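Here you go, one structure.
To keep things simple, chains are lettered A, B, C and D as they appear, and every chain counts its residues starting from 1.
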């Protein structure tokens, strides 16, 4: 096909026109092969300019378009739309940035003009090698798999389920509700935890769009955003396995507690009346806080930060629930003495300090302490510690409650492996971006919520569940097709030798290995078009659409001339 | 030298950080030498070392690869791979006794318009001192 | 890491025969179903790797042939690239071939699942053209030189090889430091240990004399290697010297074709990527005033250094294959030491070490940033 | 949404990181969004930061692509310099009255060349730069601000005083400057509203003991952020008023905590980040951080703290902190852990003031008919369960408008609101 390249130079008012001798640029471009028209225009991004371009593309019967104007971040999209409106494939267009990266940064007009000529020539060289690219549309399944039936998983399910969207909720235990079912009250409202969780469980049980699988584990989840194939196994039934398709997956596998066995100095498991926070919650929920001998304790020590050093992070919620424990105790056992051994009080956010201020005092004491150790002395529990001046001290108590660090659930690694997402070094699921994509993972369509993502309280877990729902509801709309990135990588079947280098460097798991053909295959729905695999591929089998070797080569040629 | 030496520098700039930083240098009306011709790539990890070698062997007086600062990559980790590849390339060039100083890797963020200008100025000065690439006139390459 | 263990076994019948006996026994006991081993071809003046299924054929094997017609890793790749077979196979090769095999395994070109890698202390190999000038005489020359650890007649890269003994693999046959009529059998992996176990060989730790000898040779060669690279850099380093060194290149790309770690279906530098429109060439010629054809000799060499110097095992196959006598293996070994040194990487040292370009550390190579002064 | 008269459009108030996130997500779901922003630019406070903890990522690189996307999104109607005056109706059918102040620069005509700044004869302290640099009466807050369209500050523009100066208009080649632009009263109909108006910092001048505003080189955290910003007043050079680099710096946490009665949750982390800022520019600088309780919750923050400790920062748990001028130096007097009085001499002091509600939060709450809490933040319906639902159905809250929080939590809340809005029909 004959090429007809049209080149249009934007004066951008005086911004380009005053700094660059546009007529000189035009003269330099006119002799170039395939260039059929070179024109200047006052302001191409204006309504008038766009109309002019649309007319020109048709009138000149252009096959390729080069515009020399501002930065692509400003108006690449604008001009691509112009192309679309004039039935020119928008990828047969190249924008030469002669404003930000030439006119505005070059003092000497002659130099700027020369540079502009090179920039536009590079664009012309490049556009010659552009090919039409088409948007793809892919059918998607709006249904969602939620793994984990704790409060986060339940909340996500409730937010997501609707008449046109089914939710499959998979819980490994026999009942729903997770950790919250062990709590009597939630901080800070000190409202009934069972009210909260039972209402939600009831809602979920009566929601016909949510299919619940208890005693079940996910065995397989293969696919990509919009199209995952899931297989689950019923643990209470040898042969029971179920398969279904979903478009997105929410991981709400929750947390477990650091085992204080690992730090013998707390005497956990050896000394009577030394409990973990969860054991204490359960005891409290059962209605009676008692010692082994059946009597109520007269004094209780709460040890914060158990396992913090070992884990290397602050578990965020222990200070607050320790305060809640103090409330339980003071409310239930008259004249009880509660002592909190803490290192740094972590009570962030607007309402926590007030809760602390209201809890502290009377019989609730706070001691900043280090090197806490629990021994049995005179048939009583003795807490030995160093105070803030590093002075050794000790204190007796009838009962010790340990606040251990929050760890990812035991099956987190397995779930991560099955779903192909990564874990941070602490074992929590890794978010796509710590700051601006905390719910997403590097696999599009898989979201992480609640304590599976990191230690957090009920409110933040619920927010994350709602956030995951937001992500899914906004991107996976029933009946709407998915439009994946156009400028993706592709791997030539005839050149790939199957060294898997590309697979190792892809951050998104967008490349899989075809075992039958022994070659790598790009899943264009997942690929985000960074081009890392292209540079990694020694065979030259991988290439990036719209960023091909010969396209860049043309730019290089012009740059070195 | 009779003719004034105007270096030819190829600048591979990643779309998200360095190209934006270069744009900001423009918006801020900073002075940047005209010797650098920017080539926009989505990620610095797209910059195949063979592309750099090509530019070098085509006679570029300098090649700049600029990307997001480590940890800031829009694609999470692309620039870490860029850095390793660049290091290997630099060793190859250096090992062959060629002028590896003609290659430069710099991290420029989207807010670092000034840094972009500084980097290009510095590099341009350096290349000017080095003189034209001997590769350019060598007919055997 | 598996502990290196070994045992001294008698080799009264000679090293070759001892190795063959060992392999025969292993095949008899079903430890291996087949063996890949160099054999003398009926013509008498050449050698080839043969996949031996009939153990009686082993008697013709030459575990350490005087020259390297085909780099052994390529042979293993041919057998296993499309996946492991049912047969348990042992490959007996020189250390550099084993290392190349490890690299290829990392690159998905070799499947080691049912493969046992056996290396032998290597005295070097003769350049093929030297050998072919008088095979009979050179065979003898090689044997003598090997006995006397005299490397002067070997490939130039063999003369500076500091990894001529066990580096990786499963089992190693050590001849260095061995008393008369004995050899060492050394296990270097769990697989190797299991095999020794099955063969009733009880491994101990009495391999000190081998280890000492290996160490002293390696250290000596390392010094030699450094000096050789330094001298080479003076000779070929710099644009003019480099152009001179490659001026005879006929662009046959044989060096790439015989390279064990060049595994691509079609070389990047043979592909359309590096072929341009005549106008582009004209433009290039315009810039330079003229340009050499065939083009891209330098891009091919430098590109290949970029693509495979991290996996280069300095075997010398490329130089042997160069019909224009360009010291290409020496140049590659010089560059490989540089690039591998960046990451403390040694090609073929361990299957667990990823090739540096598929890995990274968040904090490393800070000196690369802005480094141009 | 249920019923026939339910409006599916959404009003988002505040174009900071939370508002941007919500708007883009809603647009993706094909919802029409009216994004109302009080200032002339998007990005809120986040774009003032050079880097964000704990990965020390460049903030602009993180946010600018989203800001750009926002401007090009056809479902999003961005209204800058706009205030919400009144709402009527209920969830699914709100009528909102807003006032869009005149920018006096036409957004369609302006191409962002900034040619109008130079001729402007007025020079003022730039508020965006915390007064550390100057701006004109026609200005964008900083280079790279989006939308890259200046505004005229009518309080200071000569034209709006004596009506004679037309310097900027003459400099503009695009007829973008329009002195006759009028404030517009606009009425919008929406089904749901998100309040994401952000925060202010506690005014350190209210506390005498830190001598903020009295002693040179005592900075607030936001001032220090701009001092380090590569697009800021010093191009990222950390310098004292005398132009020299500080040799010793004190960072004081919890400024105003007692007065506000809560922990602002982000200050410990950003103070540690400052330690990194300082060390990266001035490797030999001595840094002391004065804190009470280290609040570094979550999986990744302690690691950051430990990394910062490697820089030999002097972490001092202190009380009764007082900043005084002593000769040429600044002295930080304090009581240490053991209760002993002590003193450190430094060149520079950085205060980490409490995060407090936006100054006009109560006005907006009144206009919207929703409750504030006792601290003046927008009040969530139920603290223990969902923090994004306001006291009025159909109105949601996200980001620091609801309480002090970091970027991650703000973005999560914004996404959660989108979840709530999009599932309203469920």
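Everything that follows uses one rule, which is that a residue touches a chain if its C-beta (ideal position, glycine included) is under 8 Å from a C-beta of that chain, and two chains touch if they have at least 3 such contacts.
This one's a predicted model, so the numbers in the text were calculated from it and none came from an experiment.
J.: Measuring centre to centre with C-alpha atoms, which chain is farthest from chain A?
T.: Comparing chain centres, C lies farthest from chain A.
J.: Which two chains have the most contacts between them?
T.: A-D
J.: Averaged over CA atoms, how far is the centre of chain B from the centre of chain D? Could you give it in whole Å?
T.: Computed value for the inter-centroid distance: 35 Å.
J.: For chain A versus chain D, what separation do you get between their C-alpha means, in angstrom?
T.: Averaging C-alpha atoms per chain gives centres 23 Å apart.
J.: Suppose each chain is reduced to the average of its Cα coordinates; what separation in Å results between chain A and chain C?
T.: 45
J.: List, in ascending order, every residue of chain C touching at least 2 other chains.
T.: In chain C, 268, 284, 287, 357, 359 touch at least two other chains.
J.: Mind pulling the chain D residues that touch 2 or more other chains?
T.: Chain D, residues with two or more chain partners: 55, 57, 62, 112.
J.: Using the touch definition from the top, which residues of chain A touch two or more other chains?
T.: If we look for residues of chain A contacting two or more partner chains, we find 73, 433, 505, 536, 549, 553, 557, 560-561.
J.: Return all touching chain pairs.
T.: Going through each pair of chains, those in contact are A-B, A-C, A-D, B-C, B-D.
J.: Tell me, which parts of chain A touch chain C in their complex?
T.: Residues 33, 494-501, 504-505, 518, 536, 538-541, 549-550, 553-554, 557, 560-561.
J.: Considering only the defined contacts, which chain B positions touch chain D in the complex?
T.: 16-17, 20, 24, 27-29, 68-69, 71-72, 74, 109-115
J.: Going by the contact rule at the top, pick out the chain D residues touching chain B in the complex.
T.: 50, 55-62, 64-65, 112, 114, 143-144, 148, 229-231, 235-236
J.: Under the touch definition given earlier, write down the residues of chain C that touch chain A in their complex.
T.: It is residues 81-83, 107-109, 263-266, 268, 271, 273, 276, 279-280, 283-284, 287, 307-308, 354-355, 357-359 of chain C that touch chain A.
J.: Looking at the complex, which residues from chain C come into contact with chain B?
T.: Interface residues on the chain C side: 233, 236-239, 241-243, 247, 268, 284, 287-292, 296-299, 302-303, 305-306, 309-310, 331, 334-335, 338-339, 341-343, 356-357, 359-365, 368-373.
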